[in-house]
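Both complexes shown next keep chain A, but they swap its partner, so chain B is in the first and chain C is in the second.
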Partner chain A sequence: MSTVTRVSDLSRREIRSSLREGSLLLHLGPFAQLISGSSDPLIDFLQDTYRDCQVELFPSDVTDVHLNLRAPNILRKFFRPQVVPDPGFEVPAVPLPIEMAPLAFEMGLNLSVALKCCRFVTIHAGVVADKDGAILMSAESGSGKSTLTAALLERGYRLFSDEFALVGLGDAVLQPYPRPISLKEETIPIVRELAGDEWISPIVKGSPKGDIAYRRARRSDIDQSHKQAKAKLILFPEFEPGMRPYKRRLNTAEAILRLIPASTNFGLLGEQAYLAITRLFDDAVAYELSYGSTEQSLSLIDEALQERDDHAA
Partner chain B sequence: MIMQRKALKQIVGLKPLPEKVLKRIKLMIFADAHHVLGQMAAALTGAHEGKINDVFDNALLRTAHDHRMLHFEMNRLERALEGTEITPILLKGAAYVARDLKAAQGRRVSDIDILVREEELDQVEKLLMQAGWKADQETDNEYDQEYYRQWMHELPPMRHGKRGTIIDVHHLLLPRTARYKIGIDQMIDGARTIEASALKTFCPADVFIHSAIHAFADGAFDNPVRGFIEHYYLFQDLNESDRKDLCVRAEQVGAEKPVGLAVWCVGFLFSDENAQKMAKNMKKPMLFWLLRWALISKAMDGLTSPLAKALLYIRSHYLRMPMRLLVPHLTRKAIQWRPMSRKPVDLPLP
Partner chain C sequence: MAAGPITDDMKWRSSSDGYIATEFDDTYLVFVKASAETHFLNFLSFGIVTETESVAQTATELAMNLRRRFELTDEELTQELVSLTLSELDDTGLIWPETV
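Our next item is the complex of A and B:
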């Protein structure tokens, strides 16, 4: 019989045998993900960073995603083992040493969601929410999006996602998908400072993207991952050391034109995606932000929220 | 083999889905890997509860995109040829979508294939170039360009400069050197205009005939599961009189053997009695028993599939050209060979 439990309630042996069978089902937000491919680094990672997530050792239903973390060839299964994420379609992924299995796992899930799950408009963005609504932050890698997302968690927001805004096709409502926040290089100590040491995973050193660590989602984020929210603020943040804090209100048209290229499936969904993105602005206003420190970005967001409320009143 | 025939039947909805979840997951992975998940979704959507509907939604949204793209390309094609007397015949996926056949429902489509008369070829190429199509990079070298023009049944593939979509312009259904000689003029004469359009499709019997030729007389049956399912649906789309036509027509145009094989496959794999009856009276290709084993092994991807693939590969070349052409061609290709370039994809990565 299959039952849903938290990763932390399972023994290492149970996880290992389920990963070997390819029957470990990870539930998170709107997606069910079937994972196969056992390795010690992956089990360590799941037990640490995904400890509060809901899983089944035997799947009770079919899944959105099936991700196989396998050796690139038979030699690399035994000799200096390597791992590649295999989401069932061809992806441009380089084999990584087995110690980097967590990275392969995260990349594999991201690819699967970006390219396979088209019942939502997926936009490359960080999303957090409180009871008034969600803040969506769309930015290129390296613009401080992850740090900002992590900082907002400390302000009482719940984590939706650090990677994808999932926008519902009819209603433009945002879906939580609270995977761990991926931190690169110099952002690791910043977020460690913000969140506290116990929330940061061990560092994966020397990956193709430099040093990587993850800020774990909190149990409350995971337990509320079925609770959707409407967007209230849409931000295009840009971090540069020493930059003077600056914010500019964007009109809806400009904001839409900036969200479209950040979507991984806009072209595929066409009109439906366009309508959903447009509807985001039923309740939300958009700003471009530039800043040189996390505190500055937070006060800019406070100002933006205040302006929005003043406008509504 | 019994179990695997079951998989095909489950995909088209002739048999219920496996109750056991792991088996059901495997079936869906199988369907996805063989590019028929969309067709499975179209056949079964709404019939089940739970997660499967999400997975089907994903697949249907994707094929909806393909079909939209195809309609747009058809429109651009008409526009490119406007003012000429040329009325291209849509082939394969484009034809199924344009005619809204069962074979189109949930089908993935990537390229658009058209057929024109050989004497129209130069003009069509010129007009398409003016409309923004260019020689596709993959074959844009002197050898390939000449090879296509001298020996093949189509122009070298053209890719649209802005939209990136591919169009294949055929003037025959098989290479000039192929062993089967198909009565293409008869097929072109029998083609029917699509309402409110300058485009045509083959008559229903010829649509099936072309699909059979494409699967069993050209190439190494590269997408077997999809091919079988295509034949099944195309056969369902033929009415009583189309089916009578099919036998006569297949003989007329010189495609009795591949058509016989396709009808046999529909009968055997999907237990379709009409197809079984019909296949009995039709000619089959040489070494029929070996061929049908190879086709099915390749589709099911079991232990024997490498041997099956090798056989089909050799057969495809045997059918395609005589030795005096084949040997120099393969030598040239072997020298030119380079690892498959992976298409770059823009992805948001952590």
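Our next item is the complex of A and C:
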């Protein structure tokens, strides 16, 4: 019989055995993700960074994602072991040393959601929410999106996602998918300072993206991952050291045209994606933000929220 | 694919079945279903699309009808501007020359 339990309630032996058999089903947000491919670094990562997530060891239901973390060839299974994420379709994945299995795991989940999800419009963006609605932050990698997402968590916002805005088809409501926040290089100490040491995973050193660590999702965010939200603020943030803080309200058409290229499945969904992205702006206003520090970015967001409220009043 | 050089005897046609338009402050976002591409049109460009829905028109006819509709003079809306806009709209797939 299959039982849903938290990762932290499982023994290492149970996780290992389930990963070997390819029967570990991770429930997170709207997705059921079947994981296979046992390795010590992956088990360490799941027990540390995914400890509050719900899993099933012997699932009987359908799954959204099947991610196999496998060796690129038989030689690399035993001699200087390597791992590649195999989501069941062709992806350009570089084999990584087995110590970087956490990175392969995160990449594999990202690719699966980005390229094969048809239930939501997927937009590369960080999303947080409070009781009044969600803030969506769309930016290129390296623009400070993850740091800003992590900083907003410390202000009491719920984590929806650091990687994807999942926009409901039809209603354009945002769906949480609270995976760990990926931190690179110099953002690691910044978020460690903001969140506290206990919230940061061990660092994966020397990856193709440099040093990587993860800011764990809080148990409360994981447990509330069924609670959706309407967007209230859509931001296009850009961080550059020393930059003077700057904020510009965007007209809706411009903001939509900037969000469309950030969607990973717009071409797949077509008309439905266009309608959903347009509806995102039913209650939301959009801003472009530039800043040189986290404090500045938070002040600009406060100003934008105040302007939105003033306008609504 | 664009139709090539625009001549004045070409009549242009569009269909509202082929796109979804959303208006924002006199400008329009238009999603073209066939290409899954989204275009940002001003009132004149979108005016050409809507004008050619009911009846196919030449560039000269369009210029006359649009001047009347938007209350513009010959200098404000030249024949050249209409032809240029037709060429750009042709590239998007929103309008096409009617074949006889």
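Note that in this section the second predicted complex is superposed on the first by the 313 of 313 C-alpha atoms of A that agree within 3 Å, B and C clash if a C-alpha of one lies under 4 Å from a C-alpha of the other, contacts with A are read in each partner's own complex, and residues count from 1 in each chain.
As a working rule, a contact is a pair of C-beta atoms (placed from the backbone, for glycine too) under 8 Å apart; a residue touches a chain by one contact, two chains touch by 3 or more.
These numbers were taken from a predicted model, which means no experiment stands behind them.
**Q** Quick check for you: in the superposed arrangement, does A:Ser60 touch first (chain B), second (chain C), both or neither?
**A** It touches chain B, and chain C stays clear.
**Q** State whether A:Asp310 touches chain B only (first), chain C only (second), both chains, or neither.
**A** A:Asp310 contacts neither chain B nor chain C.
**Q** Classify the contacts of A:Ala253 with the two partner chains as first (chain B alone), second (chain C alone), both, or neither.
**A** After superposing on A, A:Ala253 lies in contact with chain C but is clear of chain B.
**Q** Check whether A:Leu275 is in contact with chain B, with chain C, with both or with neither, and answer first, second, both or neither.
**A** So A:Leu275 only meets chain C here.
**Q** Touching A:Phe266 in the superposition: chain B (first), chain C (second), both, neither?
**A** A:Phe266 sits against chain C, while chain B stays out of touch.
**Q** Which residues form the common part of the chain A surface touched by chain B and by chain C?
**A** Shared contact residues on chain A (touching chain B in one complex, chain C in the other): 267, 270.
**Q** Quick check: in the complex, which residue numbers of chain A touch chain C?
**A** Counting only chain A, the residues touching chain C are 251-253, 256-257, 260, 266-267, 270-271, 274-275, 278.
**Q** Given the complex with chain A, which residues does chain B contribute to the contact?
**A** Spelled out, the residues of chain B in touch with chain A are 21-22, 24-25, 28-29, 32-33, 50-52, 54-55, 57-58, 61-62, 65, 68, 342, 344-345, 347-350.
**Q** Could you list, by residue number, the parts of chain C that touch chain A in their complex?
**A** Chain C reaches chain A through residues 20, 22, 24-25, 27-29, 31, 33, 36, 38, 40.
**Q** So in the complex, which bits of chain A are touching chain B?
**A** 2, 23, 30, 32, 34, 58-64, 66, 88-92, 103, 106-107, 110-111, 114-119, 124, 141, 163-164, 182, 184, 209, 212, 262, 264, 267-270, 272
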